[in-house]
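Each of the two complexes below includes chain A, the first together with chain B, the second together with chain C.
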Partner chain A sequence: MTDKVYSEEEWGEALEAAKDHYTKVYVPQKEGDFHLFRDLKEGARPDFKFENTRMSAKGLVYPQSMRMFECNMDLAAEDASILKEDEKDYGPRVVVGIRPCDAAAFTIVGRNFDNPEYQDPWWVRWYEATTFVGLGCSEPCSTCFCTSVGGGPFNREGLDVLLYEVDGGYVARSFSDKGEKFLSNAAGGRDAGEDELKAAEAVAEAASGKIVSSVETDNLLEKKQLDLFDAPFWEEVGFSCLNCGTCTYLCPTCWCFDIQDEVHGTAGERIRNWDSCMFPLFTLHGSGHNPRDQKWQRVRQRFMHKLKYYVDKYGAGVQCTGCGRCVRYCPVNIDIRRVAKLMNEY
Partner chain B sequence: MDNPYLPYPVRIERIVTETEDRNLKTFRFVFLHEGDEEKFAYTPGQFAELSVAGKGEIPIGIASSPTEKGFVSFTVNKVGVVTTLLHNMKEGDVMGIRGPLGNCYPWERMEGRNVVIIGGGFAFTTLRSSIIYMLDPANRDKFKDISVVYGARGPGLLLYRDELAAWEQRDDINMHITVDRTEDPDWKYNVGFVPAITEQKITSADNAIAIVCGPPIMIKFTQPVLEKLGFPPENIILSLENRMKCGIGMCGRCNLGDKFVCKDGPVFTLAQLKNMPPEY
Partner chain C sequence: MVRYTEKIRETAGRLLESGEVEVFIGYRQGTVPLMNEPFQLTDAARVDELYWDCNSCLNLCNYLTKRPEKRIGIVANGCNSRNIVTHIIENQITREQLYIVGIPCEGMIDHRAVQRKVNGREILDYREEGADIIISGRGFEEKIKKADVLRTNCRICRHRNPVIYDELLGEKVEEQTDVDAYKDVKNIEEMTPDKKQEFFQQLIANCIRCYACRNACPLCYCPTCFVDESKPQWVGKSVDPIDTLTFHFLRAYHCAGRCTDCGACERVCPVGISMRQFTKKLNKDAEELFEWEAGLTLESRPPLDVYRPDDYNDFIR
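Let's look at the complex of A and B:
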């Protein structure tokens, strides 16, 4: 597989050139106080001076809000009230500068959206259309704990290309056909030499040592679901929770959604929106009964799903990549690392 | 790529108001497009999402039997936004159905056994499907005795009254219809709650499987009666309901532990439920 090296300037030009081959080139852009993925504008340069984007890249494959179907509500029309799939752009796109934790999250989420029985047509098509170009974390955050959930600051899971920041530029290594294609589309740069690859590996090695945070998950698989469900600590864990849903919206591995219909004049549409298990409406029955009536029960659901149900269902570890967003942005400091420890030691 | 969220277009062929409070109506649908009925091949116990464009979808058990050809039917209680709109729709209107979804009653396990069906209130829909299915001449020999305990609050709240009366006349099904109370002097059937009638009428758990569908309070008090009769938890079959959206195990809201009511259920044995978080 190809290894290339680009200077800072060449890299900007390379992305400019890549725009001819992809319908979207998503890069981190600073908006207000934080970075988000945005389509690279003509003549603009990507901004790689960030720890991580505030929102993960999950919305690029699984939009926060999206029309599933449209429908003519004019009852006189022949096709009235019949839902139809609308036209969407499934052309090739590339996400450049995604952190390895957020790329690995797509593998986790894919087990839900692309399973042997059902395939979510939008997730699958957009995921297949996307090339992921990761940016290794030379300087991880204090809340990162990727190395204890199967990842790392230069982990390749879910990536087609990985970028290493080296003196004055980037070493780009590809590991897939999509990655090879991207490097040929990202014109410019030159083949990386032995020394440059060594320098890149040294950056990666040093980064691993900078991860200071960890979680314990080794006992979770062997625990009984009902034992953990009935554990005495849930009311205390959820006591301060506001059920704001910030954790679920920022989480790269949370995938729950709602389906709602809207009508504007004679145009009807069925829409899919991200939803959150933190909200009481999420499970409210038509009868008024709610199986997760109490907020601590909803907090329990979130942690049990990530750290137990997912573990049991797929046998592929926890539903968490250690990005640390929920730890940093929870307004009341509920910390998944502490909850994992409580569960792991119970 | 097949889109599992896209409903089949259907036309409402017939609407029957089932109960005197007019809160339950049975909708009979015919598929608009040739071939869709075959694609919607279902087994009793499964459900579907009824889709009213512009309002939303609701998960409803299939009340018709696969032995009834040319249509599918659903009995819908008027509860929320979509069901209220549905109750205002007319014969001939076009809407959608998506499915079939979920698992079904354990038909293979039930073959060669006595079948005890216990239902309460409006949770009799998939049980109606099951009874029609078992009584079909092609299937009746596969099952031994079929006993049915079905109760509602009053005579006017029983579903499918014409069919219940017809089944009462047959000798290949033991019907035990009951109401909580009635002032009707001509009431020919039982008076009493479902658990009590079950205790009186069902005498043996030998080689039998019980399917129980009804309000939580009925299930709660029927369970000890069945256990006393000797039904082991793996032979007590329940069908659950939870709030649903996708119906295919993706949207994340109807889970009990690592199982989804929509995809792994809605049918579970009591033995399974005893090992799952009781979030239903």
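Let's look at the complex of A and C:
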């Protein structure tokens, strides 16, 4: 597999060149106080000086709101009430600068959207159309705990290429056919030498040592579901919760959605929106009964799903990549590290 | 303001031990800098977990809606106390159920402004020293004047002292009187309708419909919010810009004459939207049309929940 070196300048030009080969080149761009992934505009330069994007890259493959179908609601028309798939662009796209935690999250979300029983047609096609070019975390945040949940600041899972920040530029290493293709499309740079690769690996090594948060999850699998479910701490954990959607919407591994029909005049559309288990409506039955009508029950659901049900169902660890977004942006500071400890030690 | 921490602990301990209150609501120190968590305790042995500093930015009145307890202790600064008044006159709780521990407030910190001061570098430690705050992270330590990073609502606050309390934990602070509370609103009022549309559309462009603003607000206690109604469905649930704008406008209108400008909505927004630009206009209208500021008195009804035959109605033409 190819290893290249780009200077800062060359890297900018390489991304410009890549635009000819991809329908979208998503890069981190600063908007106000934070970074978001945006399609690289002509002449614009991405900003790779960031901790992580405020929203994860989840929405690039699984949009927050997506038109699934459209339908003619004019009952006199021949095709009245027939759902037709809304045309979508499945052209090749590349996400450049995704952090390893967010790339690994696609493996987790994939267990739900692409498994032997069920393949979500949109998620699968967009995921396959996407090349992931990761940016290793040379300076992880204090809230990052990727190393506790099977990842690391330079973890390759879910990535086609990984970038290492070195003096004056980047070392880019590819691990897949998509990655090889990207490096040939990202024209410029030169082959990396032995010394440069060593320097890159040293950066990665040093970064692992900078992770300061750790979360123990080793006991979760053997715990009984009902014991954790009935544990006495949930009301206190959930006291301050606002039941907003911040944690679920910012989370790279939350995958729940809701389907809505909307009609405007004679134009009907079926839309898939992200949903959140924090919302009372999430479990409201048609009868009016709500099995999770207390907010602490909804809080319990989120943590039980991530740290117990998922663990039991897939046998592949927790449904969390340690990105720390919920830790930093929960409006009331409900800290998953603290809750994981309560559950693991219960 | 960290000096209040000890007093809060003492008071909470006394109230819980004597049985004066069943529960006490305050804050505990956050697990990340510039953040405190709303915290409720029933056990006097845990009072040392209580904490107070300039990051106590939420509105604790949010936790008082339809409570069954006979008596609840709660800390309240100026704006929080005004929301408690509003809660009482809107029948969400009774005065008798509350033991209000008042805190004269010198304003809270805008964590985003602090973050900007250090160019977005990660802040690992925060402490207060008199009128300054000291923040540090990997390879930096900076002393910042608190006045330079006050929240914008605190800068224009005219009710820093609690308006209702059973006990006050310190000397009253001087109220700010020479503030122009509505300068930003006036700027928007002068825009053409097209410009206004563009301004508000831009303001909410990054909204993710998480409803943190709505849910952090003590005024939003409806059993089912209009955005969650499905029969009929008033507003679409996608991130369509018109639906999203509809949510923000209607939410604001539901707060007309009730909002205390506590700033909890802005504080909690994960994408930094200044949604007070909506509510402030209605606060200004309430002041100009009805000489009304929300939550100052238990003695009279808010203008929008009372019918007066002698209302001069001079705005209807």
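One rule holds for everything that comes next: the second predicted complex is superposed on the first by the 346 of 346 C-alpha atoms of A that agree within 3 Å, B and C clash if a C-alpha of one lies under 4 Å from a C-alpha of the other, contacts with A are read in each partner's own complex, and residues count from 1 in each chain.
Assume a contact is a pair of C-beta atoms (placed from the backbone, for glycine too) under 8 Å apart; a residue touches a chain by one contact, two chains touch by 3 or more.
Keep in mind the model is a prediction, meaning the values are calculated, not measured.
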item	value
Which of chain B and chain C A:334 touches, first, second, both or neither	second
First (chain B), second (chain C), both or neither touched by A:118	first
Touching partner for A:305 - first (chain B), second (chain C), both, neither	first
Touched partner set for A:142, first chain B, second chain C, both or neither	second
Which superposed partner A:260 touches (first chain B, second chain C, both, neither)	both
Touched partner set for A:244, first chain B, second chain C, both or neither	second
Touching both chain B and chain C, residues of chain A	258, 260, 262
Contacting residues of chain A [partner chain C, same complex]	31-34, 36, 50-51, 54-55, 64-65, 139, 141-143, 236, 239-240, 242-246, 249-250, 258, 260, 262, 271, 273, 276, 279-281, 327-329, 331-335, 337-338
Chain B residues touching chain A - in the complex, by the definition given at the top	1-7, 9, 32, 51-57, 79-80, 83, 93-96, 216, 241-243, 245-246, 248-255, 257-258, 263, 275-280
Contact footprint of chain A on chain C as seen in their complex	30-32, 35-40, 58, 62-63, 112, 115-116, 120, 122, 124, 138, 206, 208-212, 214-216, 228, 230, 236-240, 267-268, 270-272
Chain A to chain B touching residues, read off their complex	68-69, 71, 73, 80-83, 85, 112-113, 115, 117-121, 124-125, 225-226, 229, 255-263, 268, 270, 275, 277, 282-287, 289, 291-292, 297, 301, 304-305, 308-310, 312-313
